[in-house]
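Below are the structure tokens for one structure; questions will follow.
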Amino acid sequence: MLPESNTLRRIVGMALREDIGTGDVTTLATVDPAAVGRARMVAKAYGVVAGLPVVEEVFRQVDPAVTVMLTVNDGARVGPGETLCDIEGPAQSILTGERVALNFLQRLSGVATRTARFVEQVAGTGARIVDTRKTTPGMRALEKYAVTVGGGRNHRIGLYDAVMIKDNHIVAAGGIAPAVERARRLVPHTMTITVECESLGQVDEALAAGADILLLDHMDNPTRAEAVRRAKGRALTEASGEITEETTAAIAATGVDILSIGALTHSAVALDISLDMIAIEARL
Amino acid sequence: MLPESNTLRRIVGMALREDIGTGDVTTLATVDPAAVGRARMVAKAYGVVAGLPVVEEVFRQVDPAVTVMLTVNDGARVGPGETLCDIEGPAQSILTGERVALNFLQRLSGVATRTARFVEQVAGTGARIVDTRKTTPGMRALEKYAVTVGGGRNHRIGLYDAVMIKDNHIVAAGGIAPAVERARRLVPHTMTITVECESLGQVDEALAAGADILLLDHMDNPTRAEAVRRAKGRALTEASGEITEETTAAIAATGVDILSIGALTHSAVALDISLDMIAIEARL
Amino acid sequence: MLPESNTLRRIVGMALREDIGTGDVTTLATVDPAAVGRARMVAKAYGVVAGLPVVEEVFRQVDPAVTVMLTVNDGARVGPGETLCDIEGPAQSILTGERVALNFLQRLSGVATRTARFVEQVAGTGARIVDTRKTTPGMRALEKYAVTVGGGRNHRIGLYDAVMIKDNHIVAAGGIAPAVERARRLVPHTMTITVECESLGQVDEALAAGADILLLDHMDNPTRAEAVRRAKGRALTEASGEITEETTAAIAATGVDILSIGALTHSAVALDISLDMIAIEARL
Amino acid sequence: MLPESNTLRRIVGMALREDIGTGDVTTLATVDPAAVGRARMVAKAYGVVAGLPVVEEVFRQVDPAVTVMLTVNDGARVGPGETLCDIEGPAQSILTGERVALNFLQRLSGVATRTARFVEQVAGTGARIVDTRKTTPGMRALEKYAVTVGGGRNHRIGLYDAVMIKDNHIVAAGGIAPAVERARRLVPHTMTITVECESLGQVDEALAAGADILLLDHMDNPTRAEAVRRAKGRALTEASGEITEETTAAIAATGVDILSIGALTHSAVALDISLDMIAIEARL
Amino acid sequence: MLPESNTLRRIVGMALREDIGTGDVTTLATVDPAAVGRARMVAKAYGVVAGLPVVEEVFRQVDPAVTVMLTVNDGARVGPGETLCDIEGPAQSILTGERVALNFLQRLSGVATRTARFVEQVAGTGARIVDTRKTTPGMRALEKYAVTVGGGRNHRIGLYDAVMIKDNHIVAAGGIAPAVERARRLVPHTMTITVECESLGQVDEALAAGADILLLDHMDNPTRAEAVRRAKGRALTEASGEITEETTAAIAATGVDILSIGALTHSAVALDISLDMIAIEARL
Amino acid sequence: MLPESNTLRRIVGMALREDIGTGDVTTLATVDPAAVGRARMVAKAYGVVAGLPVVEEVFRQVDPAVTVMLTVNDGARVGPGETLCDIEGPAQSILTGERVALNFLQRLSGVATRTARFVEQVAGTGARIVDTRKTTPGMRALEKYAVTVGGGRNHRIGLYDAVMIKDNHIVAAGGIAPAVERARRLVPHTMTITVECESLGQVDEALAAGADILLLDHMDNPTRAEAVRRAKGRALTEASGEITEETTAAIAATGVDILSIGALTHSAVALDISLDMIAIEARL
């Protein structure tokens, strides 16, 4: 889901301040304030578009007189030459907002595109591709939105909205059972508890302790399949640990419910998109 | 250069709020507040490290009782298994800060590593690899720092600190000459003027107009070489336009002073680094 | 759990700005900056103390030279005349911080005290007393902390960390089944789904749809007991709807797992606590 | 007076961020974005309404497409079943803003209602009921507004806009006379000076020192009456110290000008008000 | 009084961000991070120093390793060549903070110096020189502090802490009497009411209405003297309206209590002060 | 150039909060909310107007229902009695915003007026008058804008956008040549390098090192003229050091390209401008 409007406004405002600072000197010096422009955002590669509402917010903040007309919506699969939106308004404002708008759109579309490729690998299985907390600092809400645009699903938002008991927590608490028990007693009853398991023994312990979700970390596929079998009807199973596009299908075939993949966000690369100015006129 | 301390503090604070929100429920529920831990950040791939001072700031904010002892400094070339730093302090605080610290370090090291690969391609020529404004929103200062750590150099910071006259500005101003003349008249005398040239005709116009820097956009190499020849002693020359690691050496051979490369930041992927907890004890 | 340090710092800073504004004119005009004071916070009524770490943060921000020595910790049951903490440092700073420190401590102790009274009513049953989102704007994290200090437990933090499907959502989605199904499909797999049920028919529907928690709203106790029976082993049950200290025990006796009570926060009154200055001297 | 628009906007924005965070998952998952709703805020108890302009601001921020039509204005005395306002717009937005709107309205109406009960006790006397600085951190401006809505008046805003010399200031300054003299010399001539008096001897001292207002703290009524007699025409008199609804009339009868009462804000409880959704339709 | 520490911190932080932005490129490029420097702030003109605590805060924020040793305190009258403070620490940090420190110190000393010249004109009379709201946006708290350093006194802080009824308010309220009466009824009893009077008739009206302070605006001195006579013992009198150093003594001689002078702040010019680097060494 | 809209909004918002705080008590108490007013801003002295867009922003924030109709634009030369703009809308809002609007307009017009007087001195020469970093903390962007309105030009914005090597940097770097060389190597190629020269020897060194701009500090005019001769065609020349209106013409006659003058901002005094209320009516 797209972050609510206040959050979106704040992120975009921060990005504009970072880029524009005390002013776009080039545009202010060379472009007539009365000049009106028409521009077009065009894909230059194949991918899934994400971030068009962010583009709209960028131009709303730069200048409410700029109009953005979407040709496609977030989630569209596009290819080279395809128009994403048309932009019309004061030429100064279009030029000043261009780079920030593209920086958001290219990165988010990159995340969506990457996600979509993973999602294709699990088509037909019941498995879902979900993200992790390995997001770019400050961009988590938007990157998680882009994952859903690409057909993926979200994991917990941060450290505050779900319990995930990893190896170090287990050591610190003196075992899986006491860790789960303490969490159950202390956190809101609305929160689920995930336990990271590195062996079938831990799977059994976690199930006995009443974990809601088992994170099967760095297991081989036969072990994963056995873990899934044991957990069936008792807990969700989640595979993680350097999952690549190549290994995804085989992991999904083990029957796990969820594959959580850091690369959706930490290794996504920008989708190539350009803003082409079609016309600059004193008055359109 | 690393952003000054107030800026660094603000970015890190924002990232921590984003991840920790109302609290790291898992750690608070499972780890004894009195438990002390020792952890180690270890590289799991070859690359150039960037962002260790950010790691220090993360743990300073999470808990001043955590100590980070650097084993290497930013700029170090590391390989799998190499220790980057040791971390000691309250186990709760180490676990709570782990992910944010890694998110910064992995992304910035990814940028530095990517940059270093491009820089190697121009070794022995006088050409410099520089970044662009195609950075992740909110991360520009840090990503530009990472570029310098990788051996690259920085381009302008944003729209406010240098003039870059591109095709649309030329159209809007009615030509290169009037665009340069207006900018010279209106912007601070301390700012340089770059003019984007797509042909040798434009190169001549820009030189005649007194541009400080010529941005040779999407030219073939022979044309670039001729542009360099014409500009020699009169203006710096900068090549740009989808430069890849493969095409870098040949472009540098044309004699251009600068290669500006968006991929340093918009397509860098995280360098694989992990935080391993070595010991958790009630009292070390 | 106490909100993490950045959040606490921000809330306290806001409260100090609100009260001190451009300066405590009385203290600045009448008290020698060199004068040192000793003060004591003393309970003037029976109750459960909550907020002492906030008191510490208040004086840390007003003046790091002020020392707060706790005599009891949060959660202590105190009575009239009992000392909560001693405060020592520049007399100006103690006087300037006094009211803000008390405003936090009195309100949070009021919440903890109120909670403790409800918790006593369910002693011996397995039922837990939990809070709601009916908190004072801006104080949610602290008020929810105070609830745990009083022996209660927390419900979801806000609208973002758990699904709670109420009557209007059911209407909008076209029934309980489609509402649960859509939520299951769209929200993170780490989130639980609560469904508000106003009849046994809805209880059955919610169970069939796979709800994790049933919110039994405004039911009479026999109906609640039947709902609990049907949900046993399939979902947690939560009673809500104008629960008072008088009705709590009977509701708990129906076997519900959770009683969620808005009055813990929306109708708590301040616990009477005073700050007594014991000595003001030029130099202690 | 209602806080000026920037302040109101900031407080409401903070409350919405606190509750909505990364998004109202339930509503986003279950309610069609195109669905339109009609809702009504209805009193469920007797009281004085305060905070309707805050409700308007809440929905303005959540979604400008939501319209709030007031049926009554702040200050109205209402009873169970009475409509306060009608709300119309996107059903998602109404549901998302509901709780924050109610949290403000219920608390502020609680303060106004509490104030009105005290004000009734002094009807016919010239005495005024005023608030104190014992407000909820962050809510002072709004709670003080609610006091005026309930027929009360405001005391000073904070530590910065009036001098109030209490026992500790007297001790620190070496007596009432030097304390008043120093304050008169150092603070703006536009500020009044209040002196807290615990005996008639202090009343005489304060009058001799030229205090503008005498704060008669914890005196019995005959002493208060004598203090009032001595101060007549020379200073305003203010009674304070655990004043209850029961003791108010008798205190007012002593002739004091002002009764300042912390309970107006520190012990107000929420007025019961609900938001009822009347219709949800795809298109109204 | 100096603004409380949080306010000071915020203003200084804002000024540093404004000047340093993404970094002091010159210093970072040319000065060894290990180099230590000794510098001295020296007056280059006669005046009253104000702002040394702000200088300390500037360097505390730039680098806690910098030490500022004051030679004089705020309020000192200095002349050319006189040392104000010595500064020692990392040479980079001294150079980076220099300009912001001087910008504050020079402006505030300019205000204090200007104020002192006015104060000298009223020596021996009981009249006080006070400031107005004609301050530099963002600098009010500091400029008002500088006025007190120069021997002046403060007027109200802003629109919120005292009532000042001017001509337009009188027109809007339908006369002085109703304006005063409404204000008395609506604002806190702790606030004074000033009425602007342009004639003796208005003076009589304002006194009859019970104004606390009469603002005698743009009157000639004989009229002012008569107004003072009529107000004696009933209200304070304040002269205002383009008062210059030349006209001050004569106005004070009319017996007015207060002269409020916008020029203290809106037309103060910087006092000439320089920072001289005495030594830069790799290690002192 | 006027700062971009977000920056302007933030500065104005801060100034309004500073002045209005919890509310304009006088206006709220004495003026009917329904009353409408017409006011006029009128110059009361000769000068150059700067800041009218800031006035518009002030009233936009105070109340969008206020309309500001400009009679002249920034840059207009006005004299006593000349109307600058008409303001119409709710009388309360006009009165509440008046002082902040005037504080901005008077100070900025003071800077523009001061600048214009310097600019007149260099008319006919090619020399430009530029500002410095000696601006009021927080007001740099606006004061630099006012300089351009007065016909001046801007120097670098802050420490981050251009290199200026001063005496201490030269000492620290071990000479002009290594200082320039290090800067050239480390800062963006888009930044120019200015070197401060105090003798002709240093001029020669700086030229040899390839400085872009020579800052001729505190030289006598014959030396300046010789420096200009040597730099011709190789570097821009900038004169600085306590330049007054009296010395400006002679300095310009030496042929320097630029005169940088701190007094444009650090010693500008407010231009006298008043806001006259023409009519207050319940309904216009």
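As written, the chain order gives the labels A, B, C, D, E and F, with residue 1 at the start of each chain.
What we mean here is this: a residue touches a chain if its C-beta (ideal position, glycine included) is under 8 Å from a C-beta of that chain, and two chains touch if they have at least 3 such contacts.
These numbers come from a predicted model, not from an experiment.
Among the remaining chains, those touching chain C as well as chain F are A, B, D, E.
Using mean Cα coordinates as chain centres, the one most removed from chain B is D.
Taking shared numbers over all numbers used, the chain D to chain E interface scores over half, which places it in the same class.
Per the C-alpha superposition, chain D sits rotated 120 degrees relative to chain F, a value rounded to a multiple of 5.
Between B-F and E-F, more C-beta contact pairs are found at E-F.
Distance between chain centres (mean CA atoms), chain B to chain E: 44 Å. Spacing of chain A relative to chain C, judged by their CA centroids, is 33 angstrom. If you average the Cα atoms of chain B and of chain D, the two centres end up 52 Å apart.
In chain C, the residues touching two or more other chains are 1, 20-25, 28, 96, 141, 157, 160-162, 164, 186-187, 191.
Remark: the chains found to touch one another pair up as A-B, A-C, A-D, A-F, B-C, B-E, B-F, C-D, C-E, D-E, D-F, E-F.
Contacts from chain A toward chain C in the complex involve residues 1, 128, 130, 148, 153-157, 160-162, 164, 186-192, 194, 213, 236, 238, 257-258. Touching chain B in their complex are the following residues of chain A: 11-12, 14-15, 18-32, 35, 37, 91, 95-96, 99-100, 102-104, 106-107, 133-141, 157-173, 179, 182-183, 185-187, 191, 262, 266-270, 277, 280.
Listed in rising order, the residues of chain B touching chain C in the complex are 13, 16-17, 20-25, 28, 61, 63, 96. Residue ranges on chain E touching chain C, taken from their complex, read 1, 3-7, 141, 157.
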